[in-house]
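Here is the structure we will look at, set down as structure tokens.
Which chain is which? They are A, B and C, in the order written, and residues in each are numbered from 1.
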Amino acid sequence: MTKILEVKDLELSFHTFAGEVKAIRGVNFDLHKGETLAIVGESGSGKSVTTKSIMRLLPESSAEYKNGEILFEGKDLTKIPEKNMQKIRGKDISMIFQDPMTSLNPTMTIGRQIMEPILKHQKLNKSEARKKTIELLNLVGIPNAENRYKMYPHQFSGGQRQRIVIAIALACNPKILIADEPTTALDVTIQAQILELMKDIQKKTDTSIIFITHDLGVVANVADRVAVMYGGRIVEIGTVDEIFYNPQHPYTWGLLSSMPSMDLEDQKLYAIPGTPPDLLNPPKGDAFALRSEYAMRIDMERRAPFFKVSETHYAATWLLHPQAPQVEPPALVIERMKTFKGSRYYVDQTGGTV
Amino acid sequence: MRNENEQEKLTPEDFERVTIDAHHSERIEKPSLSFWQDAWLGLRKNKAAIVSMVVLLLVILMALIGPHLNGHAGDTQNLRHANLPPKIPGIEATGFFDGDGKLAGKKVDLYEMKKVDEYYWFGTDGLGRDLFTRLWEGTRVSLFIAFVAAAIDMVIGVAYGGISGYFGGRTDDIMQRIVEILIGIPTLIVVILMIMIMDPGITAIIVAITITGWIGMSRIVRAQTLKYKSQEFVLASRTLGAKDGKIITKHLLPNMLGIIIINTMFTIPNAIFFEAFLSFIGIGLQPPAASLGTLINDGYKVMENQPYVLLFPAIVISVLMIAFNLIGDGLRDALDPKMKD
Amino acid sequence: MSENLIEVRNLKQYFNAGKSTEVRAIDDISFAIKRGETFGLVGESGCGKSTTGRTMIRLYDATAGQVLYNGVDVHAPKSKKENHALNRKMQMIFQDPYASLNPRMKVLDIIAEGLDIHGLVKGKTERKQRVIDLLETVGLNREHAERYPHEFSGGQRQRIGIARALAVDPEFIIADEPISALDVSIQAQVVNLLKELQEEKGLTYLFIAHDLSMVKYISDRIGVMYFGKLVEMAPADELYRNPMHAYTKSLLSAIPLPDPIYERSRVRHPYNPKDHQYGSDEKVEFREVAPEHFVLCSEKEFAEMQAARV
């Protein structure tokens, strides 16, 4: 697996009337070629800000890169001049946003909107660009593309518009595609189609995808690896199976237990108490400690470093420290762990504990 | 991913479980700020707006007390003292405002020549009236016209737009057609007609300004009403059984107040300007009444020989226009939530 | 079997009726909600589920049909007093926690609005005490009363909205997508709160949502809407175990679950309304295929479903 993007110790703040909002407080992750990395977290966890900072789409007047670097093909994206960044945006890294209604220009035909980045970044003449446009529309599953590329966005349904947005994002064969809640505004049946489309395209083009969402179902569907964010930090990162079947951080436990499962009857839902932290004055120590029933004294004092669970799985919780006491995760999480080989609750088919 | 397994010694106490009352994380640390307090914090940071407010207050203060400061009345004519240039005690030694004026191309002290002992701070006009007193009287009249006109615009505009937007349907259709007809008539023609019917004067000018002036406000208020009346907090109020009056006064108006204030802030300078324009073309206030418009008109006639007659009212009207516009801008930045974040 | 608190009979809601732009937001739907139960209404955006809720609570006038509350038609003309009484019994919780609270009012006044309108409290101290009680009921505390909505997070705002609805002691609450704008960890808080309140106060809910897993969890019975029509209605478990209408099947097959192993094998069934191939003479009706399990179907489909059951 080759690394295509490295984010190291990224820290970013917004300056507001009320003071400095520490939106990202030390984020580290790598993106490999051809994989889908899902970033999950609730609103205000910093997941959207992280990706916007990769694209440098944050308002320069208020956002400040405090520390860290974002390495893409040997260049630190936080430092290169805006002009070079413009060449990367749309060509090497492109982005899909949540709302397909507002990410398309209503006064331009969709054909022109797809052609625009092609003409800008690739040395193609008009008729070649048109051919490419029609290819792209076929790729994203818009039927009858030869005729429809002359139509305006309002003549398409919500799901089709999101397909068109994806076509624009793919126009220059980007190396990285960042999808910021691309299906949140869509209905479930349309969402399922778009997710299938994205996976399909990834297989064909080998693009790396960063997929931001708050929906764990969607994560389970699309992700190869998952990063869980809370309070401006990644608290746990691992492969999709590791995160869903062998989670280590109490926040991940909380998230997984608060989803109702289709076959569990009338049990009370587990709800994480309280409210996410205010990043204007982030708590000392572990940001989740105030809401966690597993909090220890050290959580109040110091942020936990990343502890290694496996080669691919890291979690930032003091519970993994060798001196920490063993705790029981919530019942629903134990149920999940029973199916995972490396976990201490693993029960193999014959029934014995390993 | 780097692994920061610093294996330093931690004491067992560090790993003691603590139980926290989950309600702690529900606490809100920030001080509670109402919308208006928040807006004031924003406005306070806007230096241009604050300076403008101070300047505006000074102008208003002068409009109120200025005419009484130097003992001259604004309408006393004294032909012996006609066309005197400005002379201010204290600064006269510097060579400015020393009473020197041009007579037949030569610089002479007109006060000495005409044997005038009194000081006319801003000079006198062709009839020997004290321009300092007249300037502030004129400012007072102009501001009065502007404030009254803006207030009437606001009341009519808010009521009309509010009713039209809130009740919607047929009412809205009819009311909007009326507005369209009104807006189709050139304003200046309506104004000239109004002034021909009524006696020229303050009332006539106010009526002339307001007769079409409220339309802008009514359109803004209508659009805002349409936006807010389908908001969920208004629906919630309706499901609780609130009456229309309550919904309008408790839910709609407080939310629209910001934009109403901003819009009024921009109406006032327009009204000042329009009054000046009417007076300047001679269909506004009639002599001997003074307004900034008539003063500028007077000054413009003698611009070459007595530029000071034009200078001072021109400065005041410019300062007023700039101040009101900067305050309006500042308020818009502070009150419009879209500008935040 | 408990009596029906709400009965919706052949309700129709057409916008721009009679014009070329006519939209049939609700096209002849009927259902009943029993006292104390939670009825879930699911469907995709634009299917008319929110319009149904708003029409039931009289935010819109119905084009045709009836909504009976305790046997009384809510849309029929009534005296002021009767209207007032009905307003107290039916309340609504809204979707958008940011738009549903007036940004210029203190939480105290927002929650007390219903108390003021219905004259339920005498004097300032009683008013404040009631509001504090309500805040505590929804898991907030007294110091929140003096604050403004923008200081709260989405979940806290939604709880304030619930407190406002509870202030007038309603019997029936329409929850219009109350959790779809909230984060996962907060959704559970709100759903648990709604459940607790139901047990405590014997409330009846109409729970409108597009998130089927939460609906399944909270509802006793579920109705599925598609383009203004109710296509299937059944007890929650029955609907999930044994969906019969092709649209319900497609909807269920599209929900992603937080379970990667299941996700890798999930097969999606697309739905195309043309697949029914209804003939012009076929009567498509709401028929009871199994006890309590209704499906919109033709005579032929009905027979097929019955056969498949056995």
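Please note the rule applied: a residue touches a chain if its C-beta (ideal position, glycine included) is under 8 Å from a C-beta of that chain, and two chains touch if they have at least 3 such contacts.
Keep in mind that this is a model prediction, so the values were computed, not measured.
Undergrad: Based on the touch definition given at the start, go ahead and assign the chain network to line, ring, star, complete or other.
TA: complete
Undergrad: Tally the contacting C-beta pairs at the A-C interface and at the A-B interface, and name the larger one.
TA: A-C
Undergrad: Please flag the chain sitting at the greatest distance from chain C, going by CA centroids.
TA: B
Undergrad: Taking the mean of the CA coordinates per chain, how far is chain A from chain B in Å?
TA: Distance between chain centres, rounded to whole Å: 50 Å.
Undergrad: Could you tell me the distance, in whole angstrom, between the mean C-alpha positions of chain A and chain C?
TA: The computed centroid separation for chain A versus chain C comes out at 31 Å.
Undergrad: Which residues does chain A have that touch at least 2 chains other than itself?
TA: 273, 275
Undergrad: Would you give the residues of chain B that are in contact with at least 2 other chains, written as numbers and ranges?
TA: In chain B, residues 23, 26, 28, 30 touch at least two other chains, as defined above.
Undergrad: Indicate the residues of chain C shared as contacts by at least two other chains.
TA: 156 - these are the residues of chain C that touch more than one other chain.
Undergrad: State the interface residues of chain B toward chain C in the complex, per the touch definition above.
TA: My answer: residues 23, 26-28, 30, 32-35, 231-233, 235-242, 246, 250-251, 254-255.
Undergrad: Help me check something: in the complex, which residues belonging to chain B touch chain A?
TA: Chain B reaches chain A through residues 1-7, 10, 12-20, 22-26, 28-30, 41-42, 45, 340-341.
Undergrad: Please name which positions on chain C make contact with chain B in the complex.
TA: 54, 57-59, 83-84, 87-88, 90-92, 94-96, 99-106, 110, 113-114, 117-118, 139-141, 143-144, 146-148, 151-152, 156, 161, 164-165, 168
Undergrad: Help me check something: in the complex, which residues belonging to chain A touch chain B?
TA: It is residues 16-18, 28-30, 237, 273-275, 277-278, 280-281, 289-301, 305-308, 314, 318, 321-325 of chain A that touch chain B.
Undergrad: Which residues, counting only chain C, touch chain A once they are in their complex?
TA: 44-45, 153-156, 183-189, 191-192, 195, 210, 212-214, 216-217, 237, 240, 250-251, 253-263, 266, 268, 270-271
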